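The structure that follows is given in the form of C-alpha cells.
Note that the chains take the letters A, B and C in the order they are written out, and that residue 1 is the start of every chain.
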Amino acid sequence: MSATTPEIVTRDGTVLQAKKPKGRTAGSIVIALGMAFILVYCLAPFYWMIVSALRRPSEGRSTELIPSPISVENFVAVFDPSNHFARALLNSLVVAGGTTLLVLVLGVFGAYALARLDFRGKVLVMFLIVATSMFPVVTLVVPLLKLFSGGFEWFPVNWINTYQAMILPTISFALPLAVWNLNAFFRQLPVELEQAAMVDGTTRFGAFLRVILPLAAPGVFTTAIITFIAAWNEFLIALTMVNAPLMQTANVAISKFTGISQFDTPYGTKMAAGVIVTVPLIIMVLVFQRRIIGGLAAGSVK
Amino acid sequence: MAYLLLLPTLVLLALVVGFPLVLSAWQSLMQSGKGIDPATGLIIKGDTFVGLQNYLDAFTGAGAGAGFWNAFWNTTLFTVIGVSIETVLGVAMALIMARAMRATGLVRASILVPWAIPTVVSALMWQLIFDANGIANRLIGYQVLWTTEGWQAKAAVLIADIWKTAPYIGLLTLAGLQTIDTQVYEAAKVDGANRWQTFWRITLPLVRPVLVVAVLFRLLDAMRMFDLPYVLLGRLRSGQTLSMLATDAASKTDFGAASAYSMVLFAYICLVAFLFVKLLGADVIGEGNRPAKSRRAARRQRATSEGSLP
Amino acid sequence: MSARAARPSPSRRTVLAAGGITSAAAALAACSSDGGDGGSDGGGGAAAADFEERGPITLAKGKDTTGKLAEFLDTWNTEHPDEKVTLIELPESADEQRQQMLNNAQAKSDAYTVLGLDVVWTAEFAANQWVVELPKDGFPLDELIPSTVVTGTYFDKLYAVPFTTNAQLLFSRTDLLEKAGLDGPPETFEEMYAAIETLQKEDSELLGFGSQYSKYEGLTVQTASLVASAGGELFDDKGVPHADSAEAITGIQTVRDGFDKGFIPQEALTYKEEESRQAYQDGRLAFLQNWPYVWALGQAEDGSSKVNGKMVASLVPGIDGPGSSTLGGLNLGISAFAKNKGTAVDFIAFMVDAVQQKDWGLATSQAPANAGVYEDQEMLDAFPFFPQLKEAIDKGTSRPAVVNYGDVTQAVQEAAYSCFSGEKDAEPAMTELQTQLGDLAQG
C-alpha cells in the first residue's frame, strides 16, 4: 500500500484522488498493538522453552522467569555422542526436503490439472485426495510397517531404515493439503492471463509456468513452508520405519533422550533440542519470506 | 492429459493410505481370539468374523466400547471450539500483518514458531507450563490442577492446540490476502467503502477459497487429534479423543475394536467435511464454473476474480 | 475457464480403475496371504523354539546414558566375534517401548532378538507367543532374588529372566522427624499422619505425604502396594480377583483419609515420579514414597536439592506395620520371531551374572536382580539404603500377572483415582472394580 494518496485513472482518462483515510494514526496504533500481541502470543511459550533449556539439568521444573545460573549443560547434553543428534538433524533435513520437493512437484501438476483442465470425475478425484487426510495416522502404522518390511508378496522390498520408507508416507500426508491449497491459489488467478500469454505463441503449459506460477508464488512458497514443517515434525512413521540410530530423524532422537534415571523426564535436554530443531526452520522462513512478498510485486492485470 | 498429471498422486495415496484403509475396514469386522487355553496359558489365536458387532459394542458402550461416546463428545468439543477460535484469531492475525508496514519479516517468522516446534517437544513444553506448580499457575496466582479430570483438562488441551494452529491459519490466509490485487482495494476506497465494508464484502469473499481450504484441513486435523492430549493428559477421560481410543484399543491388541473406531472416525470426518464444503466452499471444487444456482452464489461469482472485473 | 469440451478420454477410466483395482487386489492379496492381521497362528508350541542357532543378535532396550551397557556389549562382542550383539535403542517411555515391540511382533519381524521387558508384560507377551519359553537351566536362577524370578514366570514356565528389579521406599527427613518427635521413620500410615499433623501445626504450608497418584501406571503400583500392605491381594494365584475384600478397601481408604484430612495434598493427584520427587527435593513435601533413584538426586551437593544430607530411607508405610512395596524392574526375554536364539540365551545369562550385575548396579544405581550383589561391601558403601531396599524387594508384591494387563491396569487406575479424588467412596469404587475385574478375568 502506498504511503502517498493513491491516484486512480478511470476508464475515460480522468484522474481521481482517493480520499485520505481518516483516523490514520489511530489505525496505525491499532496495527502496532496488534503486531505486539501477535509477537507475544507466538513467542511467550517459546521463551519459556528457551528458558527451561537454559537451566541446570536437575532444575527442570523451576518457575523462575530468568534462570540463575544460566547453564548451557542441556545444549551440550543434546549433542552427546550417544544421541547422534547432528546426524539426526541431517536425516530430518533429507526427509523433510525430499518430501517438500516431491510434494511441490506432484502438487503443482495435480493442482494445475484440477484448476485449469476440465475432466469428468474432478469432484470425485478431489474427494479421494482429501479423503486420505481423514484417516487417523496411528491406524496406518502397522500395515505400513508390514508393507515396507516385505510382509506382503506383492511388494517385495525391505525398506526399513531407509529414507524412502519415511519419505513416501510423509508425502501422502502432505499431498492432500498441498493439492487443495495450490488449487485454490491457481483458481484465484484469472484464465485471461494465460490466454494472453498463449496469444503470444507459448504453449498452455508454458504460459502456466511463466505467468501463473510466479503470480501464485505466495501460495507456492507458503505451501512449501507448511509442507516442510509438517514433514520436519512427522514422528510416528519415522519412529516405526527406522530403528538404526544413524538413520533416525531429530524427532525420534529427541524421544529417546533419557534423563538421569528411567523416570526422569529430561525436560532440559528436550527443550534444548526443541530450540535447536526450531531455529533452522525460522531462519529458513526469514530467508524465504522475501519471496512470499516478492510475488506480489510482479504486478498483475496491467 | 489431466489424468496423467494426477496419476502419481493417486497411486501414491492409494498405496500408502488406501491400502491400509481397506485392510482396516476388513479388520473392523473381526474380533481376535481372546480365550486362554487352560493348560498352557496361551491365547487361542484366530480371528472370528463378527460382522458389525464391534460397531454395536461401540455405540451401545458395551464391553470394549465403553469409552466411545465420551471420546466422541471430546472430539466434537475440541474440534468445534478449537477450530472456531483458531479461525477468528488466525484471520485477525493475517489482517494485521497484511496492513503492517514494518517488522513484517520478524513477525512473519515468529508466527511460524508455534507451528514449527515439533509436537513431541511442544506437548512437553505445555506439560511443563501446566504443571501444578508451573508457570501458568504462577501467573494466574491460583493452583489449577490442569492435569486432573474435569473441564480444566479440556481447557488445557484447547489452549495448547489453539496456540499452535491459529498462526497456521493466519499464515495461509495472509498468503491468500497478498494475492489479492491492491487495485481492488483502491477501487473500493474510491467508491467510499469503509473498513468494515471493505473487509466483509471485498476481502473476505476474495480470500474465501484459501481460507476454506485452510479451515477444512484444520477440521480434519482437529478431529484426528492425538499427540497433544496423549502427552498432556495421558489416560484422563476428560481428554480422550476418538484417535486416542483407537490407539488404546490397538495397543491392547484389540484390533477389531481399534479398526471399528477408526472407521467410525473416518465416516464422521467425511460427514463433517462434506457438510462444510457443501455449505461454504462449493466454488473451491469447481462448481463455480457453472452459472450460479442462486442469487447469493451469483453475487459471489461476480465478486471473485473469475468473473470479470469492472 | 476455457470453453473446450471435455474430451471423453479413456485414460480417466483407466486411472480410476487402476487405482481401484490396485487397492482391491492389494486387500485381497493381503487378506489371503495371512488371513487377516494379527490372526495368524504362532506356529507350534512354545517348547519348539530352536536354541541351537547361533549368530549375531540385537538387544532392544531403552537408552542407557551411563555407557555401561555399551561396555558390556563390547566385552561380549570381543569374546564372541561371530555372535555380535547390536543395541537397538527404544524410546524413553515404557508405553512406547511396548508399542514398538508390539509393532514388530505384528509384522513378525526379526529385527529384535533380546527384548527388555517391563515386569508387568510377561503374561501378555507369553500368552500372545511374542516371546518364547526359556530353558530354566540356561540361567543361574538360584542366584537371583526369588520374588524377581516370579515376575518372569507364567504358568510355571520361564519366559523372561530378571535383569534389574526395583522396590519403593519411604523417604523422610531427619530434621522433620526430630521436630515431630520420632526417633525413626514412621512404619505405619497412622504414625506418619500423626507426625504430619504435628508438623503442619507449626508450618501450615508443609505438604505432608506424597506418592504417585496421577492416572497412570504409577497409580496401579500404589494401589497394589496398599492392598498388599493391608493384607489383601488384587488377584490370587488362580487368577481370581479379590478387589472388594475388606483388606483391599482398608488399604485404599487409608490414602483417601490422607487426602480428606489434608495430610496428602490435592496436587498429589498430578504427581508422577518426577513431580513427587521435585516437591520433596524442594523441601515442600515431608514424606515421599518413590523408587530409590531419588536418593542420588536428593543428596546432590550442587544446590539443586534442599534436602541433601537430611534424607533417610525406610520401608514403605503399611497398616499394622511396615508395608509391602510393588516390584518394578526389567526382565530380558527372547522374541519368538528372532533368529539365533541360542546366542540370545547365553547373552542373557551373561547379563545376569554376578560380575555384570554388580557393575551395572554401581554405574546406574539400579537394583540388581542377583542376590549376592547386595552383600558386596562396595555396593553398600555406594548406596547406604541397599539393606532396606533388599528387604523391600524380598517382601515385595507383584502387580497382577494377567494377560490383558492393559485393561486390568486401566480399571484399577479408574477405581483408585475416582476414590482418591473424592468422586467415589472406597467401598463402591472397589466393588465396581471387582465386577470389572471379574468380567476381564473371564476374557
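Basically, a residue touches a chain if its C-beta (ideal position, glycine included) is under 8 Å from a C-beta of that chain, and two chains touch if they have at least 3 such contacts.
Owing to the predicted nature of the structure, the values given are computational and were not obtained by experimental measurement.
The chains that touch chain B as well as chain C are A. Across A-B and A-C, it is A-B that has more C-beta pairs touching. Centroid distances built from C-alpha atoms place A farthest away from chain C. With centres computed from CA atoms alone, B is the chain lying nearest the middle of all the protein shown.
Chain C has its Cα centroid 35 Å from the Cα centroid of chain B. Between the Cα centres of chain A and chain B there is a gap of 16 Å.
If each chain is reduced to the centroid of its CA atoms, chain A and chain C end up 38 Å from each other. Shown for chain A are the residues that touch two or more other chains, namely 60-61, 118-119, 125, 128, 142-143, 191, 255, 265. Counting only residues that touch two or more partner chains, chain B has 1-3, 6, 10, 15, 18-19, 23, 131, 133, 306. Contacts with at least two other chains are made by residues 1, 9, 12, 19, 26, 30, 37, 275, 278 of chain C.
Residue ranges of chain A in contact with chain B, taken from their complex: 1, 6, 8, 16, 18-19, 21, 27, 31-32, 34-35, 38-39, 41-43, 45-46, 48-49, 52, 60-61, 63, 65, 106-107, 109-110, 112-114, 117-119, 122-123, 125-126, 128-140, 142-144, 147, 168-169, 171-172, 175-177, 179-181, 183-185, 187-191, 215-216, 218-219, 221-222, 225-226, 229, 232-233, 235, 250-251, 254-255, 265, 267, 270-271, 273-274, 277-278, 281-282, 285-286, 289-290, 292-293, 295-296, 300-301. Interface residues of chain C facing chain B in the complex, by the touch rule stated above, are 1, 9, 11-12, 14-15, 18-19, 22-24, 26-27, 30-31, 35-42, 45-46, 95, 98-99, 102, 123, 126-129, 154-155, 157, 214-216, 266-267, 269-270, 275, 278-279, 403-404, 406-407, 410, 413, 417, 421, 423, 439, 443. Residues 1-2, 4-6, 8-9, 12, 16, 19, 25-26, 29-30, 33, 37, 60, 62-65, 67, 70, 88-93, 96, 100, 103, 106-109, 111, 272-275, 277-278, 291, 293, 296-297, 300, 302, 304-305, 365-366 of chain C are the ones touching chain A in the complex. Partner chain C is touched in their complex by these residues of chain B: 1-4, 6-7, 10-11, 14-15, 18-19, 22-23, 26-27, 30, 32-36, 40-43, 45-47, 63, 131-133, 143, 145-149, 234-236, 248, 251-253, 255, 289, 306. Touching chain A in their complex are the following residues of chain B: 1-3, 5-6, 8-10, 12-13, 15-21, 23-24, 92-93, 96-97, 99-100, 103-122, 124-126, 128-129, 131, 133-135, 138, 163, 166-168, 171-172, 174-176, 178-179, 181-183, 185-187, 189-190, 192, 206, 209-210, 212-214, 216-217, 220-221, 223-224, 226-227, 242-243, 246-247, 250, 258-259, 262, 265-266, 269-270, 273, 283-287, 304-306, 309.
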